[in-house]
C-alpha cells in the first residue's frame, strides 16, 4: 500500500512541477520525477510478499516465491526511454537558451499556454 | 509491523521530501541534487522490492547519467531560476 | 611490456574478484577481456609496471596498509570524540604541507591517506605543496605540520615509489 | 517475406547510414530511397495476403500471450502500404529539399520514424506499442527542431512536453492494465478486460484517450500541432500529416474498439471529433502563415476521421479509412508545394504568395490542385471520401454532424480558395529566379496522378477498404487470430 | 490561479488513480504471463535471470526498440546541437589527485561494465547497464582531462556495427528458424557463462552500442563552440 | 542483531537527509548526497546479506562506482571546471 | 563460528561509524569540517560493514573486498574534489582564529 501512495504522490509532485513551474529545466525535472513515480508503481505491482528476485542463481529457489519479472522488464525499457527523452529535452533547452538567453517560459513567446 | 516496512516508510518519506525539495528549490543545481537523491532512495526501494535489475539500472541511469546531463545543461545555461 | 603485464595481472585479479569463481569459461573470458583492456589502457593505467611487485615493495605496501588502517581507525575515534562532545572542540584552519614525493601516483596516495587520517583533509595540491584543512590546528610551523600529518605515510611511500 | 521487414529493414538502414556516410555523401541520400522502394514492393506483394487473411507473425518463437506478435491484418496491410508509399514520395521530395547539414542525421531520423510508425501499425502488444510510440515521438521532436532556429526549438520543446505527458499517461494505463489482467498482448487483454471493474476501465480509457489523443490531434490536446507543422521542414510536415497522425489514430481506434467497445465511448468520440473539426477549421481561417493554416486544416480533417470512426458502423469506418488515405496523399501534396512556395517567396506569410501563380506555374498548380482536392470538389478523390462519410452518418440517422461537416467544408473552401486566389489573381513582379528541383516536381506529380486516378475510380481503393473496416470492427476475429 | 487549478486537477487525478490502485491486490503471487515466464525461463531460453530472458528473448522486440530509442536520442541530440564550427570542451584543469585517480579508475570501470554486460543472463544487469557504466567511465576522463578525445569515427562505426549485428541476429532467426529474433544456438548448461543461446550475444552488441552512443551523447553535450 | 544495524543505518540516512534539506550552501548538500550514497552502498550490502542473495552484491558495487562519478561531476561543476 | 562473531562485530562497528559520520555532517559548523567527519567516519563505516558481511558469508568475501577497496579509493577523492570545489565557489572555512588560511593566497594569485 505504502508503495502505491508514494508513487502516486511522486507522480503528482512531478506533474505539479510541469504544470506550474516557469523554468524549463524545472519542467524537465518534473517530468523525470513523474517517470520515477510510474516506475515505482510498476515495480510495486509486480511485488510478491516475501518473494525474492526472479533470478535462479542458486539451487532451491522456487518459481512460486519469486516476484513478477514482467514489470521489471518493462521498467528497464521505460527507464532507458526516459533517459532518451530527457537528453533530447535538455539539448532543446540548450538551443533555446542560445536563442533567448533565458530559461523562463513566459519570456519565450510561444511556449505559453 | 515488520522492520522492513518501517524502513520502507522512512525511505518513502525521505523520497517525498527530496522530490518536494527538488520542485521547490530556486537554485537549479540544488534541484538536480534533489532529483539525484530521489533516484538514490528509489534505487534502494527497488532493491527492497526484490528488483535488483531495476535498482542497478536506476543507479546507472538515474543517479549517474541523468544527474550528469542535467549538471552539464545547467553549466551551459543558467544556474538560478528567475 | 612490464607495464602491460602488470595491468593485465591487476585486471585479471579484479575480474576474478567480480566473478568469485574459477570456472574455466569465466577464466577464459576474463583473460581475454583483461588482455584487450590492458592493451588499450596500460599506458595510462600505470607508470612503472611490474616494478611494484618486487618482494621488498610488497612488504612496504603491506606495511603501508597496516599503518593506514590504524590511522583510519584512530581518525574515526577522533571524529567520534568530536562529534559526540556537545561543545564541538575544534579549531579549524588550512595549512600548507610540503612533500618530497615526486610521482603523481605517490602524491595521490599521500593525499588520500591524509584525507582519511585524523583531523585532516586535502583541499588542493599544487606542485609539491599540499593544502590541508586541519580540524584542530596545533601549530603553523612546517616541521610540526610535517611530522604531525603525513610523516609516517611519506616515509613508506618513498620506499614504494623509489 | 514477412511483415517484420517493415520494422527491421528501415532500422537496419538507419544503422547503416552513418557507415555509408563515411564512404560517400550521395550514398546517404540514396539508401533510404532504395529501402523505401523495397518496402513499397514488399507491402504491395504482401497486401493481398494480409487483406485476405490476417497474418500473425510471432517474434522470437514464443506463442502469442507470451511473446510479442505482429498482427498483419487488412487494416495493417493498408496502412503499411500507405506509409511506405508516402514515405517514398517524401524521400523523393527531400532529396533536393533538405540541403541543411547534418543531412545524414536527417535521413537516420526519417528512417527511424518510418520504423516507429510501421511498428505502431503492426504490433499486437501494448507495451511494444508504447515503445514504438516513443520512437516515433522522439524522432518527430528531433525533426521538428531540425532547422535549429528559434521557433523550431520552441515548437519542438512544446511538442516534447505535451508528448512526454502523453507517454506518461500511456505508461500509467499500461501499468494499471497489467496489474489487473497480467498480460500485455492486445488480443489477450481484450478477452480478459471484461472482468475488470468498470471504474478501472473508465480510468484506463481516459488515460488512453489523453495519451494517444495527443498524437492523433484530438481537441484539447492538439496545441503542439500548428507549431510543430509550421516550424519543421516541409517534408517533415508531410511526415506528420501523412504518417504519424495516421498511425496514432489507428492505434487509438484499435484500442478503443478492442477494449471499450461501447456506444457511450463512440458517442464521446463523435462529440470530440466534431469539436476538434469546428475549432480547427475556424482557427485555420484566421491564420496568416500558410503552413499553420495547413496544420489546422489537418487537425480539422482528423476531426472528420474521428467523427466517422465515432459512428462505428461498417460503412462509416470504411469511409474513415478512405478519408485517411486521401488526406495522407493530399496533405503531403499541399505541404510539398507549400514548401517550395515558401522557399520561393522567402516568407511564411500567406500575403507574400501574391502572384506566384504566374512566376512558378507548376508548383502553384500543384498547390491549387491539392486545395481543390481537399475541399472535396467532384473529380478529385477527396470528394468521394467526404461523400461516403456523409452518407454513412446520414444512414446512422444523425443529421447534426452532417450539417456541421458541410459547414466546415464551406469554411475550408473559403480559406483554401483565398490562398489560391492570391496565387493567381494578384499581380506582383517576379524576383526569384530559382527553380523547383525536378525530384520535388516528380514527387508532387506522382501524388497528383494518384489523386486523380482515385478520383475517377474510387472503387479501386474502396474495394480494399471493406475488409479493412471489417478487420477493425470484428473483435472476435482479432482475438481468434491474435491468440491462434 | 494557475496553481489552484493545477492542484485541483492533480487532486482529481490522484483521487481516481488511488481509487483504481486500491482495487489491485498488493503482494500476491504473480499470475498470468509472469507466472508462465518464471516457470519456463530456464527451459525455454536457458537463461538464469528471468528478467533478462524477458527483456532479450520473450520481449526481444522491445529491446530492439529500446536500442533504437537511445540511438535516436544520440542522433537527435547530434542534429539539434550540430554546428559547423569546431567544438571543444571548455574545461579547467582538475587537480592532480582527480587526474591521477581517474586514470587509474577508468579502466576498472570499463572492466566492471564489461563484466555487467557479459553476465547479463546470470546476474542483475545487462547490455544497457554495462554500456551506461562504460560511458560513465569515459565521462570520468572527459571531466578530468581537457585533451582527452574519443575517436568519433570509431565510435560511430561501433554504434552502427553493433546495431546492425542486432538486426542481423534477428534475421538469422528468421532464416534458420521460424521467426525473427528466434534463438538458433544451443542453450548450454544454465548458470554457466556460455549458455542461454543468443542472449549474451545480443547483450554484448547492446553493450557496445549503448556505450558508444552514450559516450557520443555526453561528448556532444559537453562541447561548446570556442 | 539486525535491528540494531537497521536502526543505526536508518538514523544515519535521516541525518544525512536532514543536512541535505537544511543546507545552507550547495556544497553542504552535495556532501550530504555523497554520504547518503556511501551509507546506501553499505546498507545495500547488508540488505543483500539479509535477503541471502549473492547476486545482489553486484548492485551495490555498481551503485558505489556510479554515484562516485556523479558526485565528482557535481564537484567539478562547483569548481568551475567542466 | 569465530567468523560469525568477527563479522557481527565488524558490522556493528561499521554501522555505528556510519551513524556517527551522518551525525557529524549534521552537527559540524562548515563544509570542510563536515567533509572531515563525513569522509572518515562513513568510509570506515562502509568498509567495516562491507567486510563484516564478507565474514558473515565467507564465499562473498572477494566481492565485498573489492567494494571495500573501491570505497577506500573513491571516497577521499570525491571529498577532496568537493573541498576544492567548495573553496573555489568562495566558501571560506569556519575558523576560531583568523589567518589560519594558507590556501587563500594561492586563490588570489590564480585570480590574477
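Think of it as A, B, C, D, E, F and G in the order they're written, each chain with its own count starting at 1.
Rule of thumb we're sticking to: contacts are C-beta pairs under 8 Å (C-beta built on N, C-alpha and C of every residue); 3 or more make two chains touch, one makes a residue touch a chain.
Because the structure is predicted, anything quoted here is derived from the model rather than measured.
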- Contact-graph distance - origin chain D, target chain G: 2
- Please name the chain that ends up farthest from chain D once chain centres are defined by their CA atoms averaged. C
- Task: Between C-G and B-E, flag the pair that has more C-beta pairs in contact.
- Result: C-G
- Query: CA centre of chain B versus CA centre of chain C: separation in Å?
  - Reply: 31
- For chain C and chain F, let me know how many angstrom lie between their CA-based centres, rounded off. 22
- Round to the nearest whole Å and give the separation of the Cα centres of chain A and chain E. 16
- Could you list which residues of chain C touch at least two other chains? 14, 18, 20, 111-112, 122, 124
- Message: Which positions in chain A are in touch with at least two other chains?
- Response: 3, 5, 9, 11, 16, 41, 44-48, 51-53, 55, 57, 66-68, 70, 72, 76-77, 80-81, 83-85, 87-88, 90, 92-95
- Task: Quick one: which residues in chain D touch 2 or more of the other chains?
- Result: 127, 131, 134, 138, 141-142, 145, 148, 153, 156, 172, 179, 182, 184
- Message: With touch defined as at the start, can you tell me which chain C residues reach chain G in the complex?
- Response: 14, 16-18, 20, 72-73, 75-76, 78-80, 82-84, 88, 90-96, 111-112, 115-116, 118-124, 126, 131, 133, 135, 137, 140
- Item | Interfacial residue positions of chain E with respect to chain F in the complex | 90-94, 98, 109, 112, 116, 122-125, 129, 133, 136-137, 139-140, 143, 222
- Residue numbers on chain F that touch chain A, as the complex places them: 51, 53-56
- Query: Which part of chain G faces chain C closely enough to touch in the complex?
  - Reply: 17, 20-21, 23-24, 27-30, 32-33, 35-37, 39-41, 43-45, 47, 59-60, 62-63, 65-66, 72-73, 75-77, 79-80, 83-84, 87, 93-97, 100-104, 106
- Per the touch rule, the chain C residues reaching chain E in their complex are 7, 11, 14-15, 18-19, 23, 25-26, 29, 33-34, 37-38, 40-41, 44-46, 104-105, 107-108, 111-112, 122, 124-125
